[in-house]
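Here chain A shows up in two complexes: once beside chain B, once beside chain C.
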Partner chain A sequence: MLEVKNLRKTYGDFTAVQGISFSLKPGDIFGFIGSNGAGKTTTIRMLATLLEPTSGTATLNGVDVVDQPMEIRRMIGYMPDFFGLYDDVKVWEYLDFFASIYGVSQRDKVIDEVLELTDLTIKKDAFVQSLSRGMQQRLCLARCLVHDPKLLLLDEPASGLDPRARAELKELIAELGRMGKIIIISSHILPELSDFCNSVGIIERGNLLAFGDVASVVRSIRPTKQINIEVLGDPDPAARFFASQTATRLGECSGNKLTIEFDGDESEQVELLKKALANEIKILSFAEDTANLEDVFMKLTTGAVS
Partner chain B sequence: MNKAKQWWHHNVSHNPMLAEIDRFRRKFFSFRGPNVQANGGLGLIVVLFLFYSIICIYNRGDMEPTGQLTIFLGFALFVIPFMLHGTIAGERERRSWDMLLVAPISPSQIVVGKFIGAFLGLLVTFGLFMVPIFVLALTYQNLKWGYLLLGILVVISQLLSLSALCILISARVKRPLMALAVTIGVVLVCFLFAPAFLSMLDSFTGKFVSNAVYPFAVILELANGQLRQINPGTESDYTPMVNPVLTSLTSIALQLVLTAALTAWAIKTLHFADNEVRFINNKKKKNA
Partner chain C sequence: MQVIDLKRLRRTYFGNATATRDQRVQLRGSKAVVLFTLYLIIMALVLYIAYDSAIGYSSRSLATAQSNLQGFYWATIACLGVVVTIVAPAVGAFAIVTERQRRSLDLVFSAPVEPKFYLVGKLISAYRYVWLLLILALPFCAVSVTLGGTTWIQLFITFLLFSFYGLICVAFGLLLSSMSSRPIPALCWTYCAIGAYWFFTFYLAMTGFMAISGFGGSSSSPFSNVSFFTALCPLTFPFQGGQSTLILGREFPIWLVSIVEHLLVIKIIILAAGSIMSPSDGREIKSLRIHGLIYFGVVAVLIGWGVSAGAQAAFSSGPTLTNPTQNVSSIFGRALAGVLCVTGICIVPYLSTFGQNDYRRFRFNGLFNIRKMFTGTVAGNLPYLITFALVGVVGFLAGTTADLGSVRSFGPTGTRVKITGASLLLQPMFLIYLLLALGIWTLMWSCGILSAAKHQNISRARTVSLFSLVAIALVPTFFLSIISPESLEKVEGLWKLNIIASLFCNVDYSGYAAIHGVALLVISAILIGSLQSRLRKLTPTEPR
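The block that comes next holds the complex of A and B.
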C-alpha cells in the first residue's frame, strides 16, 4: 500500500509540488498526467528517494520514504525518463550487475525470468548498444524488476517508442499490474493511459487537480451523459421530441445531427431510444459521447507550468 | 576497533558494489567489448608489454630491476586518468547515476566499490608487469630483495593514491572530459612541475626532502642503493638521502594517508554533486 500525504517540494520561493495526497493498493496502475513542468517527475523522484520532500510523508507498506530510504530502495523499481544504460556490456551482464547490487540470490535464474517477462531472452548475449530503442526500454524495465519490487515508478516509459513497442510495453505493464505490483506511470500520451490504468491523477503547477479511477475522474467533469444523434431527413421533429422529454436537455443542432444531455441510467437510455423510435423519429445513429482522459485533461488544466 | 570492523564489513567485504570489479574487468581487460578504441588501446598495451618483456629477457643479469619500476609508474600516470576519469562523471553523463542512487547502497559503498574495482584492475596489470621484472631480479647478482619489495610497495601506494585522486575528480566534476582534463592537469602539476620546483628548492637548501614525496625519486634512490651496494664507490646522479628505506616508508605512508583523505572527500562529495539532485542522506533523518 502506497500512501502519499501532503507531499510538498519547494526550492527557495518556488514550489514544485504543492502538498499532494493519494493512496494506491497492490495491483493499481496509476497514470500520472500533467504537462511538462507540472511536477510529475519531482513527485516520482521524491517517491524514489532521490529528492527529499520539503514536507509531507510518503509510505510504502508502512515504511517512510525519508526515514528509511534504504528499505524503500529495496522495494521500488525506478525507471527514469531516460535509459541510462551501460552500453559496453551485454544484456545479461547489465542485469547481473544490478542483481548483485540488490543482493539477489540465484541471479542467473532471476535474470532468465525477467528476460522472459520482458521478451528479451533472445537478446541475452547482445551488447546493450545494439538494442533498438524499444528493447532498451524493456531492458530498463527488466532492470527494475530483478529485485521483485513492490512499487514501480515509470517516468514517461513510452516516450520515443514506435507504436508496436508501445503496445508491447502496455501489455507488459498490464501484466505487472496483474502480478500485484503498484505501478505509477507518468505520461503525456493520454489515450494509452486510459487503456490500462485503473486510476489516474492530473497534476498542474504541483497541484493534484483530480484523482481516482478513470471513470470517476471522467464523470467528475461531465456529470450528465452526452448523446449524439443523427436523424434521416428533417431534424426538427427529433429536436422537439427530445426537448420535451424529462431528464434530457437539447444541446447543439447542426444539419441532421443533434446533441442531447441526458441525466439517466443505461436502462432509461434504452427506454428513451425506444420511445423515440415509437414516435417515428428516423434515427440513423444514437451513441453516447464518452468523455476521455484528454477531454478531462483539457478541461481541468490551463496549460500553465510551475 | 569495532567501528573499523563495521566499516570493513559495510564497504569492503559485504559491499554489493564490488560487482564493479567484474564490470571494470569486462570494460578494460577484454577484447570482446564493442568499443574499438578500448580494444585498440588494450592491444597496443599488450604489444608494448611483450616488446618490453623481450628486452628484459634479453638483458637479464645486466638490468637493475628496481629502477624498472619507474617505467610502470610512468605508464600508470599516463594511463590511469584515461581509465578512471569517467568512473563517476561518466555515470552522470550517461545518466546511469540515478540507477545507482536508488539502489540500496550508500555513497561510501559506491565510492569504495568503484575504487576497489579500479585498483584491483591496476594491481593485476602491475602483477603482469612484474613478471619480466622478476626475471631480471632472479638473474641480477647480489640483489637486495628488500629494496625491490619497497619499490613495489611504493608503486602500489602510488596506484592507490592515483586511483583515489581520479575518483575524487570524477565525483566532483560533471563531465568525463572535464574530469580527464583536470586529472591530467593535477598529475602534471604533482608529478612534473611541483617536483621540479621542489628539487630546485632542495638544490638551494641541500636537504633533498622533496624526494620523499616524489615516488620516481624514491624508486631511483632504491635502485641507486642497489648499484652502490654492488659497485661501492660509484657515484650516482642522485645524491644519497638520509636512508632510502626510511624515505620509501615515508613515501608509502604519505600515499596511504592521501588515499584515505581523497576517498573520504569523494564520499562526501556525492552528497551534493549529483546533478541537481539532493540525495537523501541515510544518517541524517535517522539521527534527527
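The block that comes next holds the complex of A and C.
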C-alpha cells in the first residue's frame, strides 16, 4: 500500500510540488499525467528517495521514504526518463551489478528470469550499447525487477519508442500489474495510459488536479452523458422531441446531426431510444460520446508550468 | 551499542559489486591491451636510457658499479612514481563525475547503497589497477635486483608503499570527483590536491630530516630514528625498507607506520567524499566529524610536542634570555594561532555557509544547536567549529606537556623556566595569540554567514567566503610588501594593518596581535549584527 500525504517540495521560493496526496494498493497501475515541468518527475524522485520532501509524508507498506530510505529502496524499482547505461558492459553484467547491490541471492537464476520476462534472453551476452532503444528500455525495466520490488516508478518509459516497442512495453507493464505490483507510470501519451492504467492523476504546477480510476476522472469533468444522434431528413422534429424529454438537454445542432446531454442510466438510455423510434424519429445513429483522458487533460489543465 | 554487521562488511570489502563491474570494464577489449603495451614500451625506453647512463660509461670499480646500479634502481622507482602520480588521480577523478554525467549515479543510489560501499568499490578497483601497473613494471625492477641495485624485500616494500600512495591519489580523485560536475575540472583540482599533498609531506619529511640531524631537538624525541611524518613522503619510499622508528620507546618498521598513516589519510578523505555524497544527517557526516576531531587532536598533540622540542633545543643553545617565560609563551602562542588559522581556512568557509547546490540543500535551521553538532545541518556547524578549535587547543597543550611524562624546561643554565600546557593558559602572551586566532575564526565564520545570506547557491557562498578571507588576510601582505619599505620580519609602518603579520615574525608583536584580535571580534559582531534582519527572514525550518 502506497500512501502519499501532502507531499511538498520547494526550492527556495519555487514550489515544484504543492502538497499532493493519493493512495494506491497492490495491482494498481497509476498513470501520472502532466505537462513538462508539472512536477511528475519531482514527485517520482521523492518517492524514489532521491529527493527529500520539504514536507508531507509518503509511506510504502508503512515504511516512510524519509525515515527509512534504505528500506524503501529495497521495495522500489525506479526507472528514470533516461537510460543511465554503462558502456562496455554486457547485458547480464549490467543486471548482475544491480542484483549484487540489491543483495539478491541466486543472481544467475534471477537474471535469467527477468531477461525472459522482458524478452531479452537472446541478448544476454550482448553489450548494452549495441541494443536498440526499445531493448535498452526493456533492459532498464529488467534492472528495476531484479530485486522483485513492490512499487515500480516508471518515468516516461515509452518516450522515443516505436509503436511495436511501445505495445510490447505496455503489455509488459500490464503483466507486472497483474503480478500485484504497484506501478506509477508518467507519460505524455494519454490514450495509451487509459488502456492499461486503472487509476490516473493529473498534475499541473505541482497540484494534483484530479485523481481516481479513469472512469470517475472522466465523469468528474462531464457528469452527464453526451449522446450524438444522426437523423434522416429534417432534424427539427427530432430536436423538438429530445428537448421535451425529461433528463435530456438539447445541445448542438448541425445539419442532420444533433447532440444531447442525457442524465440517466443505461436502461433509461435504451428507453429514450425506444421512445424516439416509437415517435417516428428516423434515427440513423444513436451513440454515446465517451470522453477520454485527453479531453479530461485538456479541460483540466491550462498548459501552464511551474 | 552498534553491532558490527559482518555480512555488510564482507559485501563492502570482499564482494563489492562496484569494484567487480569497474574491473570488468577496465580490462575489457583491445583498449586495455594497447594502453598497457604503450606503458611497457615507454617504461622500457626510459629505463634503457637510465641504465645506459648509469652503467655504460664508468663501471670501473665495484663500488662505482654498485652506486650506479642503485642510481638505476632509483630511476626505475622514480618512473613508477611518476606513472602512479599521473594515472591514479585520473582513475579517481573520472570515477564519479563520469557516472554523474551519464546519470547512472541516480540508478545506483536508488538502490540500497551507501556512499561508503560505492566509494570503497571504486577504491578497490583502482587499487587493483595500480597494482597491475606496478606488476607490469616488475621485470624492469627485477633487473635492479639481479644486478645488485636493491633486494627483493626492499623492492616489495617500495611497491607496497607506492600502491598505498596510489590509493591516496585515487581517494583525492574521488573526493574532488564527488564535488565536481565536469571531468576536466575534477582532474585539474585532483592534480592540484596531489601537488599540495607532495608539498606538505615533503615539508614534513624535511622537518623530520632536520630533527634527525639535530636541528629540531631530537634528543628526547619519541620518534628518534626517523620522523613519524617522514613516512608519508613518496620520496622516502625507496629508503623506508631497512629503517625503523621509535614510538613511545618501542621500535617499529617505518614502512609499517607509513602504511598505517596512509590508511588513516585515505579513511579521512573517503569519509569526506562520502559525506558529500550522503544526504544530510547521514552516517558518513557523523563519522567524518568524529574522525576530524580525533585526527585534529592527534595532529595538535604532535605539533605541540614538536614545537616544544624545537623550542627547548633553540633555547638551550641560544643566548641568555631576559624574560624566558614571555619568550616561550609567545612562541607557543604564535605556533598554535598559526595552526588554528591554517586549519580554519580549510574548514570554516565550508561549515559556515548554507544554501542549495545542484544536488543538495543545506537548510538554515538556526545558528547554534549543540544537538545537531554531528548532523551536518547548519545549526550544528558552529558548535562543531567551537569543539574543533577546543580540541586543537587542548591537544596542543597536551603535546607541549607530554614529553614522556616529564615537565619541560627551557633556557640555558641560570635562566631555566619550567612550563606545562596548563601553565601556558595563565600566560598573557599566549592568551593574546589565542585571542587573535579567535578573532580570525570569528571573522571567517561571519564572512561565511554573510555570503550565505547573500547567495542562495552554497558553492558560490563558499567561494565568496574563501576569497574574501584570502583578500582580507593574504592580499594585503603582497600589497603592503610593494608599498611599504618594511619587511615582514619587522611589523612596522603599514604592516601593522596586516592581521596575520604578527604570526609570522621572529620577534614578538603581541601588542598588535591583541589589537587585531579585538578589532576582528568587533568587526565580526558588526557583520553579524547587520545580518540580524536577514537571518530572521530565514525562518529556521526542519525538513519535516
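Keep this in mind: the second predicted complex is superposed on the first by the 306 of 306 C-alpha atoms of A that agree within 3 Å, B and C clash if a C-alpha of one lies under 4 Å from a C-alpha of the other, contacts with A are read in each partner's own complex, and residues count from 1 in each chain.
Definition applied: a contact is a pair of C-beta atoms (placed from the backbone, for glycine too) under 8 Å apart; a residue touches a chain by one contact, two chains touch by 3 or more.
Every value quoted in this text rests on a predicted model; they were computed, and no experiment measured them.
Shared-chain residue A:98: touches chain B and chain C both.
Looking at the shared chain after the overlay, A:54 reaches chain C, while chain B stays out of its contact range. By the document's definition of touching, neither partner reaches A:289: not chain B, not chain C.
Once the two complexes are overlaid on the shared chain, A:130 sits against chain B while remaining clear of chain C. Shared-chain residue A:88: touches chain B and chain C both.
In the superposition on chain A, A:213 makes contact with neither chain B nor chain C.
In the superposition on chain A, no contact is made by A:236 with either chain B or chain C. In the superposition on chain A, contact is made by A:76 with both chain B and chain C.
Touching of chain A by both chain B and chain C, each in its own complex, is seen for residues 48-50, 52, 66, 69-71, 73-74, 76, 78, 80, 82, 84-89, 93, 96-98, 100-103, 143. Listed in rising order, the residues of chain A touching chain C in the complex are 11-12, 48-50, 52-57, 66, 69-71, 73-74, 76, 78, 80, 82, 84-89, 93, 96-98, 100-103, 143, 147. Per the touch definition, chain B reaches chain A in the complex via residues 16-19, 22-23, 26-27, 33-35, 38, 94-106, 277-280, 282, 285-286.
Within the complex, the chain C residues that touch chain A are 11, 15, 17-18, 20-21, 24-25, 28-29, 102-104, 106-114, 117, 279, 356, 361, 456, 543-544.
By the touch rule above, chain A contacts chain B in their complex via residues 45, 48-52, 65-67, 69-71, 73-74, 76, 78, 80, 82-89, 93, 96-98, 100-103, 127, 129-130, 143.
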